[in-house]
Amino acid sequence: MADAKKWPESWQEVNRGCVVFRPGSAGEYHTGSWRAQRPVWDNAKCIKCGLCYIVCPEGCISEGEDGFFSANLDYCKGCGICPHECWPRAIKMVEEG
Amino acid sequence: MIEIRWHGRGGQGAVTSVELLALAAIEEGKYAQGFPSFGPERRGAPVAAFNRVDDKQIKVRSGIYHPDVVIVLDEGLVGLVNVAEGLKPDGILIISTSKTRADVQKALSYKGRLGIVHGLAIARQELGVAIVNTTILGALIKATNVVKLESMVVPIENRFGRLAQKNLTAMKRAYNEVEIN
Amino acid sequence: MSKRIGMEVAVAAAEAAALCRFDVAAVYPITPQSHIAEHLSDIVADGRIDAEFITVESEHSAMSCAMGAAATGARVVTATSSQGLMYMHEVLPIASAMRLPIVMAIANRAVSGPLNILNDHSDIMPQRDSGWISIFAENGQEVVDMMIQAFKIAEHRDVQLPVNVNIDGFQLTHMVEPMEMPDQAEVDKFLPPLVPYATLHPDRPVSMGTFAMNDVYTEVLKAKDQALINSKKVILQVWKEWEKLFGRKYAPIVGYKTEDAEILMLTMGSMGETAEIAVDELRARGVSVGLLKMKLWRPFPFDELRKAVRGTKTLIVMDRAVSFGGPGGPVAGEVRSALYDQRSRPAIVNEIIGLGGRDMMVEHFIDIVERATRTGEKKKKSAYEFYGVREA
């Protein structure tokens, strides 16, 4: 399929079955712009349990080489679930802007 | 009929404001509509919410494309969302901001009527939280007289209970402090 | 005394059900019905009425539980939308076959493929054959009134059929607007306690939800068809009583500025109010146009439709659903069928609009009427059109 279609499409141009042929194209939508707050890790308290990585509904928290965690701010919507679940209380939500 | 569009983020209370305003207008014997932008609700995402107020029955049920008033609860949305889109030429844009009038006009490329109110400062002082939705109602009422200030009392009391007084104080401050040109 | 209040229409629908003192609510949440489900559960949790709220795990279970409860003689309410209604589809005809007076609020929403949570009528249309009474509300006031009327209609001893009240999702459910809310005393006077035809009770055992071979199935279905047809008498009676008590008039088809109209639009649901504005503007320009608002869908109001279109040249039927590969819009298909045998009948134009929440504005209705005046039916390529669709 052509990789850049004009939008919005006419009825003749809509992909049959609404199949999306460009895998991972949802990644282009940087939902991080929705954020009003973002999570900040205090690695002195972090015990590297990985719970934040598991519970993040966006799947945007990842483990760094040092074993500590951080959120990909392109996608983090600031929902606040990671500090809520972090039982050593190593994560704090900080206001944007 | 007056048509109003509110811009905020999910969780900032734009939909609550819209409801409170509709209830106040209905209390006065007027007709009103208050509705959110239709779609999935997501905390943090930019949302729009809408009001129509009129002295006679409102039959139109389509969306609002040419509002008389635009209200911006979160100045961070400027640049992200074209908040002034469709605003009538003689309409007014009311924004909660700590910037100057000149800065706002430049940021928005907007030359129309502007209402500036330091919503965050007022809300933090009177309510202790950074939620400006009830505060801004005061600015809206000052700019448009869409309802009487006193008509907000009952809806706010019903909604906020023991926190109502603080919300009313914040609203009255915005009513007095908004700068309108 | 009724009180003029402002309220979100979905919440008002639940409040109206509470005024009817329902015994059981079995509901599963789905956008845009969710505020109805949430508020029904609040009402029960707060002990405002003596009722049970069954937290079912799906809509199929919601309807099944509703049926079980109704079969014991409980007054039952439920609500759903779109895929939820599609999930209930399997049991809907059984609810009507068992003659259970369940009331269901449907927050009309587009049916999936692709997924869409916004308003259209594609969820209710596939349920046409299910044997339920179906009414359509145009605004918040009608939602409140129809929810209460629905219980009385459903439970009437000459009806005993389930009723669905159709409420445009988001367009109505999420709208805060003014309405007159009747008070408890008024509703208690209007709606007597439920006297079921048959109930499951250990002291008086009966079988319900039974089996029928081909030697009697046809007769059973004819009886059900007649029940639907005969229910119209009761519906009109209830509406007359409502007008006497509350001053608000209801009819299977309500006309707006239809006198001597050469063109008539036909709508269902809230789009009718917007269409009225279009009629006003067109009439001011000298266009002879009027509007028919259909409030009763099942049983289909054949007599009222035939009477309403007498003398008009063109009838524009607005559908908000499509019967793929078929006659276009379901409403237009049924209207054509209803008028086929009439000696004189209008040309029928079928516009499919407002799909998946696409906005229907005053100018769209004006444009539709103006186009209908320019092209006659014979010149049309197709019996129906997707209004405003983008062509390549």
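All chains are identified by letter, namely A, B and C, in their written order; residue positions are counted from 1 within each chain.
We adopt the following convention: a contact is a pair of C-beta atoms (placed from the backbone, for glycine too) under 8 Å apart; a residue touches a chain by one contact, two chains touch by 3 or more.
Note that the structure is predicted; figures quoted are calculated from it, not measured.
Engineer: If you tally the C-beta contacts, which comes out ahead, A-C or A-B?
Structural biologist: Output for the comparison: A-B.
Engineer: Report the chain ID whose CA centroid sits closest to the centroid of the full protein CA set.
Structural biologist: C
Engineer: In angstrom, rounded to a whole number, how far apart do the mean CA points of chain B and chain C lie?
Structural biologist: 35
Engineer: Could you tell me the distance, in whole angstrom, between the mean C-alpha positions of chain A and chain C?
Structural biologist: Centre separation, chain A to chain C: 41 Å.
Engineer: Could you work out how far the Cα centre of chain A sits from that of chain B, in whole Å?
Structural biologist: Taking the mean C-alpha position of each chain, the two centres sit 30 Å apart.
Engineer: Considering only the defined contacts, which chain A positions touch chain B in the complex?
Structural biologist: Per the touch definition, chain A meets chain B at residues 31, 33-37, 77-79, 95-97.
Engineer: Inside the complex, what are the residues of chain B that reach chain A?
Structural biologist: Listed in rising order, the residues are 9-12, 42-46, 74, 76, 80, 130.
Engineer: Within the complex, which stretch of chain C touches chain A?
Structural biologist: Residues in contact with chain A: 113-114, 386, 389-392.
Engineer: How about chain C: which of its residues touch chain B in the complex?
Structural biologist: The touching residues are 4-6, 8, 31-32, 117-119, 170-171, 174-178, 270-271, 273-274, 276-277, 357, 359-362.
Engineer: Using the touch rule from the top, collect the residues of chain B that touch chain C in their complex.
Structural biologist: That would be residues 18-19, 22-23, 25-27, 29, 31-36, 38-40, 58-63 of chain B.
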